[in-house]
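Order of writing sets the chain letters: A, B, C and D. Residues in each chain are counted from 1.
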Amino acid sequence: MTSSPKKPAPRTPVLHPNVRPFYAQHSPDELKEALRRMHLVRKFEETAEDSYIRGLTHGTMHLSIGQEASAVGTTMSLRKTDYITSTHRGHGHCIGKGAEAKYMFAEFFGKEEGYCRGRGGSMHIADPESGNLGANGIVGGGLPIAVGAALAIKQQKRDDVAVCFFGDGASNEGAFHESLNMAAIWKLPVIFVCENNGYGMSVSTKRSMAVANVADRAPAYNMPGVIVDGNNMADVVEAMMVATARARGGEGPTLIECKTYRTRGHSRSDRNKYRTKEEIEEWKLRDPIPHFVNELISHGILDATEADTIEKSVDAEIKAGFDFAVAGTNPTPQSLTRDVYAREIV
Amino acid sequence: MRELSFAQALNEALAQAMETDPRVFIMGEDIGVYGGAFGVTGDLVHRFGEDRVIDTPIAELGGAGAAVGAALAGSRPILEFQFSDFAGLAIEQIVNQAAKIRYMLGGKTHVPVVFRMPSGSGTGAAAQHSQSLEAWFGHVPGLKVIQPSTPHDAKGMLLAAIEDPDPVLIFEHKLLYKIKGHVPEEQYLVPIGKAAVVRAGQHATVVGSAIMVHRALEAAEILAAEGIDIEVIDLRSIRPIDTATIIASVKKTTRLCCIYEGVKTLGIGAEVSALIAESEAFDYLDAPIMRLGGAESPIPYSPILEKAAVPQTDIIVAALRNLVKGQS
Amino acid sequence: MTSSPKKPAPRTPVLHPNVRPFYAQHSPDELKEALRRMHLVRKFEETAEDSYIRGLTHGTMHLSIGQEASAVGTTMSLRKTDYITSTHRGHGHCIGKGAEAKYMFAEFFGKEEGYCRGRGGSMHIADPESGNLGANGIVGGGLPIAVGAALAIKQQKRDDVAVCFFGDGASNEGAFHESLNMAAIWKLPVIFVCENNGYGMSVSTKRSMAVANVADRAPAYNMPGVIVDGNNMADVVEAMMVATARARGGEGPTLIECKTYRTRGHSRSDRNKYRTKEEIEEWKLRDPIPHFVNELISHGILDATEADTIEKSVDAEIKAGFDFAVAGTNPTPQSLTRDVYAREIV
Amino acid sequence: MRELSFAQALNEALAQAMETDPRVFIMGEDIGVYGGAFGVTGDLVHRFGEDRVIDTPIAELGGAGAAVGAALAGSRPILEFQFSDFAGLAIEQIVNQAAKIRYMLGGKTHVPVVFRMPSGSGTGAAAQHSQSLEAWFGHVPGLKVIQPSTPHDAKGMLLAAIEDPDPVLIFEHKLLYKIKGHVPEEQYLVPIGKAAVVRAGQHATVVGSAIMVHRALEAAEILAAEGIDIEVIDLRSIRPIDTATIIASVKKTTRLCCIYEGVKTLGIGAEVSALIAESEAFDYLDAPIMRLGGAESPIPYSPILEKAAVPQTDIIVAALRNLVKGQS
């Protein structure tokens, strides 16, 4: 056991005399990389939104702006062999798990160079190579899939984990109940990460649930239910450290509820009729990125110029990725039925 | 002549039904203050209140089951699925319960519920938000399945569905929501189970529904210039299906092409083709029965691929020319 | 408030100095009728089982022998305008809600005189006239239907209730989660009655749930979860008195878990490989019917000869019902598609 | 020649697959110590343990999703639905996920999962336990749908399904579980997508699957005595469907009858009919294409009605006589 910031995080968190585990057990490089990814998520989405407004892409798009801490915090310490199942609001999960912006842009623009060769689009961007089993257009669709991935992990005697992202609204789907129950009775290495941004599209949790927190449902599965400030990297990561240790140790699943907020509308068609400007502005003040930057600076891990350098490098990466995508290849109509089956039908 | 969009026509049908029948109420996801993902319910929650315009949690199976239960208990529920794809979560209640309860109970009860099914591709929403599943439900005795193609029929058929004592699924093609057309102000019913000959012609019969009716009519105009005279039938109702109208037309034109957006294999065109091939019209056929259906793939995201996945007007024109002239 | 056994039960239970509410608030006639119905359920099923073994009927059959207290106890005080949704193991619910054995037998024998005109059979026997919205061949199928019936009750400004029967196994279905959540957020007059007989077919609750009781899941919906001895009439009825008062008073749903046991196999094909003879025998000693008879006698409501008369009268009713069914009319093949639709397709 | 029942053949396929491939496991309701509702899994839990023969809670959507997830994570799950009717609760995972994931991810992954679907009527289990839903899944690109009719094919096709990299649904007609037939002891594959001409004939082609193949053969024997010579094709695979074999047969016999238990409207016979009506075989047809399908009603409980709801041998005989001789 050590608290040296140089070493990688040990399997179980250790309390350091005066530094909290998140800072004690991650190296400066790890912490800076986390910040870089938060910027990457934010700027990817801002650029995607801009392209959409400029009519460069079609379809719909669900932005996670304001939720970057939960996306990156839950994924930054995962192994490549760990799995995630993502959602319709999955850009952050995808980048957090290691995807590159250029291939995400290419997908967003429907190009062959995209992660899904232009077949998936914004709602389905995913890089299976990096352990991302897929974003999902079906609310709650990824819940039992994550349970199955964890079942396979257990059968294959691996100590990997499956992280399952879902929203507060998804927790009202029957799939939530069936999935948490199976994970609990079989003690599977799943971490259920609920990104509770207060709304399922236009319906607030007050109107869609009879309990105050999604985590209040964990006891029904005899599962730990942890609530964290989803806009605070340290809180998110420390909850994940405990949950992953539990999962890798064969002690079973955990439900982590990240309280957060999407400062953009649900999707392009949203006119925000169901919430107030004040509420949105209030949450904008709780932006996870500047908050994390300040913490890194106050911990002496980062200085203002370095912070600026990181952001600049991300801007460059985004610009390059965008150009890469625009210059990409359009699929040909002839390739329409390619990849419907792995073994082409004779 | 007053014009409304397809979405406005549906909204008016809902409003008039709720005004005239206190048993009628609507439920679904984000149909209240949000006004519905496609704006169909609009401001109804302000006019009729939250007790009759109910935002459900995101729980399609439970929502559908609640609609079935309310129907059994004397109400007239209308459930909006945000996308018909999500009805996949509620098949159990639609097919095992709503469709069968009356029969299983020996006709001692009935299930007057309406399921609204926004469907189809063309919006760039990809594989899980673009399906055309009308054929599935058309395969289920106990259900009625309708698919209007105009604002006029959208209002009249939705009102007919609400008035119907049995479960009805109304498929609303998303690309139709914005199209405008004449819609009478009063309440009126367009009967379920009746197709419409929307263009008379001599050389071939085209049977289509929803968006494909419009493409068929475009194609017919183009071909008219070449002296090819196409009869276009708007199916309107998938179950029950109006066999008589199709048979009469084919006997006259001796050629048949079915055009539909759903996957070609086992799609509605398969049934239309089989109905004619087993009918007295078979002996009148001067050419094989043609089907233009959706591609054998999920709906892709890329606009180029998405277009290629369903019959477009140019393809229809070429196919019909081939059907009538025997040229490729 | 009164404890006179003559008067009908008031809306909320009242504690009597030395008699528990069940006996204080039900007349001897009501109590004897309850006993009669328990016998009716038992003997209906024994006769049905016998006919099945003798090859007089086909299909399958799920017997509730041993569970009569929960079926009759939960239904005995309901109004005709109250609703129930039943299950595959629904003979008891059906009789409890007021169905007649003769028409149930007729259904069981597939005759036109049956409640479902021979279309439904054992798994679907139901009398809509008596407020029974149907048995269900789909585990959990009745859960959202009961919620919808309660929603209609509320919209129609009635003070009726919907009682939803389901098993322990059904509580693992997503429909359970979605239904309890909707009932809770909308404060609907539903009483969820879980007949926990320890097994979902061959799988014990220990293997299918991570919590000890189905009622442990009620807090996830901020709903009262009550556990009662499902083989004890007084316990079952008193829990129902509280729950129905709550529901009629607009205070919302209640989950009642009746701990009970089916002493017969799951269905005809069951070879009981998943449980021990000892366990079955032990539960047979806890048969709810003799237990209730003894309580009635000890309360001076019944004497041995009267108890015998009641049983004899039930035997006669069963015999007559069976003969009625055997003598019934078979459906004609021509009537196959009748009643698929209420409005015949033109 | 060793004989096994259809159920035993499936059991042997499962056992051999688990012996030879450690990635293979089975899951479902009551498939462990109970041995499966129809006895297919039998004592496999004792041979392979509870980690590879998993009793799930009663949760079809979750079970199907878990199978999909395990397949994505490198395992080879086989999920048994206790009755195919209950798959209605899992359509979301089968159709929106399993069938589309590979395509949505641009071919970067695949979903090797097998869904076992005990189906069909004849057991007196009524409307919610007797459906034949193969047509539904045959309508879905990304899925493969098979329906063996003999113990031999049951084993060989289930092994082919397990070996297949894509999601496969195998429909097992409940009335077939007890029928016996020759089954080789070794592992062998019966290819998915190939029909079989199980009886050669000159006067008419009958295309059927599962139990209907047996009734068609009975009917053919009866008609042979009258000098009517029927060719019988066992479809075996619904998706992909073996069009070539049917076309070749119809060109020879000039008459076609499709026999299937599923509801007639939009059932598999509709597709078979349409495939021929649009093909080069159309010009060879000497009679309308006949369909004998399930009744337009849920499956009733009464044995009399249940029999009347699906094609029986006597009906088939009369229909084929009519098809060939043009008599009623």
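Descriptive notes on the structure:
One rule holds in what follows: contacts are C-beta pairs under 8 Å (C-beta built on N, C-alpha and C of every residue); 3 or more make two chains touch, one makes a residue touch a chain.
Please read these numbers as outputs of a predicted model, since none were measured by experiment.
When the interfaces A-D and C-D are ranked by C-beta pairs in contact, the top one is A-D.
Chain centres here are means of the Cα atoms, and by that rule the chain farthest away from subunit D is A. With centres defined as mean CA coordinates, subunit C is found 41 Å away from subunit B. Here the spacing of subunit C and subunit D, counted between their Cα centres, is 38 Å. We define each chain's centre as the mean of its Cα atoms; on that basis subunit A and subunit C are separated by 46 Å. Among the residues of subunit D, those touching two or more other chains are numbered 57, 59, 61-62, 85-86, 89, 92, 96, 103-104, 126-128, 141-142, 295-298, 300. Annotation for subunit A: residues 116, 118-120, 124, 136-138, 141, 172-175, 178, 181, 185, 207-209, 337, 340 touch two or more other chains. Contacts from subunit D toward subunit B in the complex involve residues 61, 85-86, 88-89, 91-92, 95-96, 99-100, 103-104, 126-128, 135-136, 138-142, 239, 241, 262-263, 265-271, 273-274, 276-280, 282-283, 285, 287-291, 295-298, 300.
If you check the complex, the residues on subunit C that touch subunit A are 172-178, 181, 184-185, 207-211, 216-217, 219-223. Within the complex formed with subunit A, the residues of subunit D that make contact are 25, 51-52, 56-57, 59, 61-75, 77, 92-93, 96-97, 101-110, 141-142, 144, 164-166, 193, 240.
On subunit C, the positions that touch subunit B within their shared complex are 83, 85, 114-120, 124, 126-129, 133-134, 136-138, 141, 143-156, 162, 174-175, 178-179, 181-182, 185, 337-343, 345-346.
Contact residues on subunit A toward subunit B in their complex (touch as defined above): 57-60, 107, 110-111, 116, 118-124, 136-141, 169-170, 172-174, 200-203, 207-209, 269-270, 273-274, 330-333, 335-337, 340.
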